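The following pair of complexes shares a single chain, chain A, combined with chain B in the former and chain C in the latter.
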Partner chain A sequence: MNLADPGMDTLRQWLLQRHPHLSSIDDSLDLFENKLIDSINFVEYILIIEELIGREIPFANDLVARTATLRRVWENFLADAVPV
Partner chain B sequence: MNSFSKLTLVTENDDFVSRVNKLTSLSRERVRHTFGEISWPDKIDTEAWWLPPELLSVHGTRYEQEMSLEQKKLLSKWECINLFSLNVEGERELVSRLSSRLYQPEVPGLENYLHHFIDEENKHMWFFGEFCRRYGGKIYSSKKMAIAEETYSPEMEYFLLFARIGIFEEIGAYFNVAAASDERMDPFVRQIHQIHHADEARHITFGRALLAQTKELAFASSSAEQRDRAIAHLQRYVQISVEALYQPAMYRDSGISSGVAMRRELLNDGARRKLHEESFLKRPLRFFADLGIHLTANPQ
Partner chain C sequence: MNRLEVRDSNALQQQTPGSEKSIFISGATGFLGGHFLLKRITWPGRVFALVRGDCLIQARQRLYAHLAECADSYGTLLPESDLDKKLVVITGDITVANCGVDADTIDTLRKENIAEFWHCAASLKFEDRHRSEIFSHNIGGTQQMLALFETVCAPASSAEFIHISTAYSVGAAHGDIAEERHLPERKFNNAYEESKNHAENLVVDWCSERGLSYRVLRPSVVMGPRASHHSGTTRFGVYGLTKEIFRLRDTLSRLEHPLQIIGEDAATVNLTPVDECVYDMLSLSVNGFGDQRFFHLCNPSRFNVKQIIALIDSKTGANRVQMVPSREGEPSPLQDLFDTRTRFYAGYYHSDKRFQRSAAPQPALNWSDFDLYLSSFLHELRIEEAGGVGFQSQTVTARDGTPLKVLYCGDPQLPALLLVNAYGMPAEFYWPLAQRLSTHFHIITWETRWVPSLAHPFDPLHCDSLVHARDLADIANTLKIEAATALGWSSGAQVVLRTMAEFPQLLRRGILLNPGVSIAPSEQVRVTRFEAGIRSLFAKIAGNYRMAEKYVELIFGAAGADAGDRQLLSNILTSTDPYLLYMTSLPFRTPESLFRYAHMMHALFSEREDAWTGDVQRPVLVYVGENDVVTHADIGRALCRGLAQGTLHLDPEGDHFGHYYDARVADLVRAFSLQESPEAVDEV
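Here is the complex of A and B:
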């Protein structure tokens, strides 16, 4: 089941706008393996997460792994964030 | 002859070798002891221009009209920090990747010059990093990251490495030249641009000569599919490099909310797209077109 959360909704809407052939995105779907995110829109994806959590996300080699699914974004970034 | 040895053919071209030797001599004659040469002021006036207003990412758009002079000067500070942060990132990758190829048998033996190249870039990375930390308290991250592993022939990988370096340096050079000669700028920030460009001009000359020498080798060693993928790779690099100039955090640090929406609007602004093509991408894209590689400034 997908998590009900405004931040998660923002990310889902952003992904669906870019992939209009999809009607929904499961929180456990690997966004990179399924080519929903490439090196170009990855930047905007992270920038949106930054805006949702109100802080900059520093460069780290595991950033792709930590954001590969919406659930991981929730666990690693959104769950503890103070709404902005 | 194995496929690895083809790149070494470039050192058999006397004109090319003579140009590289000349650049090596120039690096030795003009060596700067940057670590001790720069006198860091305690602070830089936020009422000064840190970038010329025409180089700001809002130039030519409604934001430029709506912002006060003070806001634009504050934005020029954070745009300068972003530009210098991009230099830190780009030079870090450059130093790392060039160093890993030194004295490898499959690449041209250009170490005499490459040691100067790496030495100069190492110093640049230092003063840009120092500048960002002293006067911005941070180094922005562009979030540039490879998502998928791409495999090419050794010749194509070598070509793509210098092609990316060339695009990165030529964009930077455009900003350096304009900012270094602009008397409205804060004099210390101008000095940083001047020091940087003095070395970069040689790096660009070297890169262009090397790319002209290796392009045919790279393309001849690749299948049609690999060639198409390599061109798509460079096109993505151009796009990511342009988009990195629109860092949302610098808008937020300048007191403008909704940085991502602003970035999106600016990237889609007709005036900005025209400017990408006619200003900082004009020379590098013309150079690649002359090599037979046609890239566009605004792919979407």
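Here is the complex of A and C:
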């Protein structure tokens, strides 16, 4: 079941716009393994998350792991963020 | 032994005064072949040199120019008197039947009683992606030389076929390497080694079956002359790796995490100075080969590869490359890219080969020699860099007051050829092509404004191809160039088309190499995955400076920050050639350069969907490499459909960087540019 959250909705909408063949995106779907995120749009993906949480996200070794699914984005970034 | 005690090949000649024999040589315009000929020509006897060229005069000029460079590396002058007297240049090509030598010349050679056929020619390419060409030159070329040898020298003669191979034809073996035949069933580190091994075996079988005599000479990694420690014109082997790290030094020094080369601590490489190698060759020639068939032209010293890498790293100032036994964690995209681009050298990071040698040893090289070689080579590279490689330069002020650095070479009396670079690429990219064409053209190019140099103010709203077209026109007018040919590579093709459309009186012909232009993708016009990616990426970066910052951070800062499709990021840095990585990555070095570059490319892709072809009336040659992963061949086809006088040249072997390393592209450019145009300039 997908989380109901405005930030998550923003990310879902952004992904669906780029992959119109999909009707929905499960929160546990691995976005990298399923080629929904690649090196071209990875930076944009991180920038959107930064906008949602109102702070910069440094590139670190575990960043891919922490953003691989929408649920992990929620757990690692959105859940504790003050809405901006 | 003191380094001044280099063995003197002149002393060899004195051992057999009066001995006079004629020889035939291929590959004299190459490194070892050139140095050998330079010494050999001072000996009695004629030398017949097989040289590629459009005509005898051009082939001879090319050979003399190369020999002059070789001579310069010893601080001596070209022995012109000996060359004029004893050197016979024969135009030909080892890749065609009988090396392209005509029947009359074969008759001449037969009468000359050639004593030795020296086959020094080999492909300069070494990467596996050029496998078919490497094999064609190194095996097919050897086959043609053998056929010519058989035609010229009757089986009954005592003539020798002397095949110059490499000590590394032994492949991935370790330990003691004997001076014996290496059968082809073995593991190789790369296509170059494999081709040289197969060529050796071809020589052995062919000559044995026909009762012809052969010798296989195997130099190790050849360095410049020990007498001067100059590079002596080579950019191969240690020099190639050094040059790559030197060019990348600024990029590497920005990395937070060092690049790691995986190798064994005990790995060694054998380096042999070219003058000692030539001494070995001449010594065998003058003293006779005896019963031995295989000879290692190597040095008694072996150099530790880890130490070599460390020295190169520190002396180039990169200080970001280290050799390690293994890596932890995922490699960064740049590490991946570095590995891919330097894969050729990787085979030498793991083995310790001890090449046996029956001849008297060469004077041993030491670390002091290596240090001198490295210092001398870095000095050469710095001079090249400061001087825009080999171009001369002057400043031309554009109509808006912007100073443009214009680079040129060749005789100003010759027809003008304007080289328009791809956006963001340094003029160095054109130096190999300029060299190949400078005997026929006055070559002019310039450092495109905005990127890679950030010196010129940048206006994101006015950065389309018209600005560059005007720069071209201003340069041509200042230098009083009329009715020139303009050549544009990649995005430079758009500038050529724009110039031809806006200033039709300026150019008589256009040449587009692997064009990256504003032809819109459609069902009929496919674009590569790379182009689709950068169209989307650059649109985003142009709209958001923060994204440029993030991208630079991603490339340079984060080990393992991969997004599941590592290869795509590598492709953004583009380049399929280790020598080109430095140049193509320039726009990605800082957020500002990437932001500007993204704007320029985004503006280009947003221009007229016919890429201005509808306004171009003059003849245009469109060259497309079918292996180009950057721009699709469909773009070239679409351009030709839109051009009034477009000619498409599809090269099944070419890729995006063909003009940089492939002499055939220069041949094509020369032929097209020198064609008479029936339509006069004032008719347009």
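Just so we're on the same page, the second predicted complex is superposed on the first by the 84 of 84 C-alpha atoms of A that agree within 3 Å, B and C clash if a C-alpha of one lies under 4 Å from a C-alpha of the other, contacts with A are read in each partner's own complex, and residues count from 1 in each chain.
What we mean here is this: a residue touches a chain if its C-beta (ideal position, glycine included) is under 8 Å from a C-beta of that chain, and two chains touch if they have at least 3 such contacts.
Just so you know, these numbers come straight off a predicted model, no measurement behind them.
S.K.: So if we stack both complexes on chain A, do chain B and chain C clash, or do they fit?
M.R.: Once chain A is superposed (C-alpha atoms), there is a clash between chain B and chain C.
S.K.: So in the superposed three-chain picture, is A:H21 touching just chain B, just chain C, both, or none of them (first/second/both/neither)?
M.R.: Neither partner.
S.K.: In the overlay, answer first, second, both or neither for which of chain B and chain C A:I48 touches.
M.R.: First partner only, chain B.
S.K.: Looking at the overlay, which bit of chain C runs into chain B, 401-409, 545-553, 635-643 or 671-679?
M.R.: 545-553
S.K.: For chain A, which residues lie in the overlap of the chain B contacts and the chain C contacts?
M.R.: Comparing the two interfaces on chain A, one with chain B and one with chain C, the shared residues are 32, 37-40, 42-44, 46-47, 58-59, 63-64.
S.K.: Give every residue of chain A touching chain B within the complex, in rising order.
M.R.: 32, 37-40, 42-44, 46-48, 50-51, 56-59, 63-64
S.K.: Could you please specify the touching residues of chain C with respect to chain A in the complex?
M.R.: 329-330, 333, 533, 536-537, 540, 544, 546-547, 550-551, 553-554, 557-566, 568-569, 572
S.K.: Quick one: which bits of chain A touch chain C in the complex? Just the residue numbers, please.
M.R.: 31-33, 35, 37-44, 46-47, 58-61, 63-64
S.K.: If we count contacts the way the header does, which residues on chain B are in touch with chain A in the complex?
M.R.: Spelled out, the residues of chain B in touch with chain A are 89, 138, 140-148, 236, 239-240, 243-244, 248-249, 258-260, 263-264.
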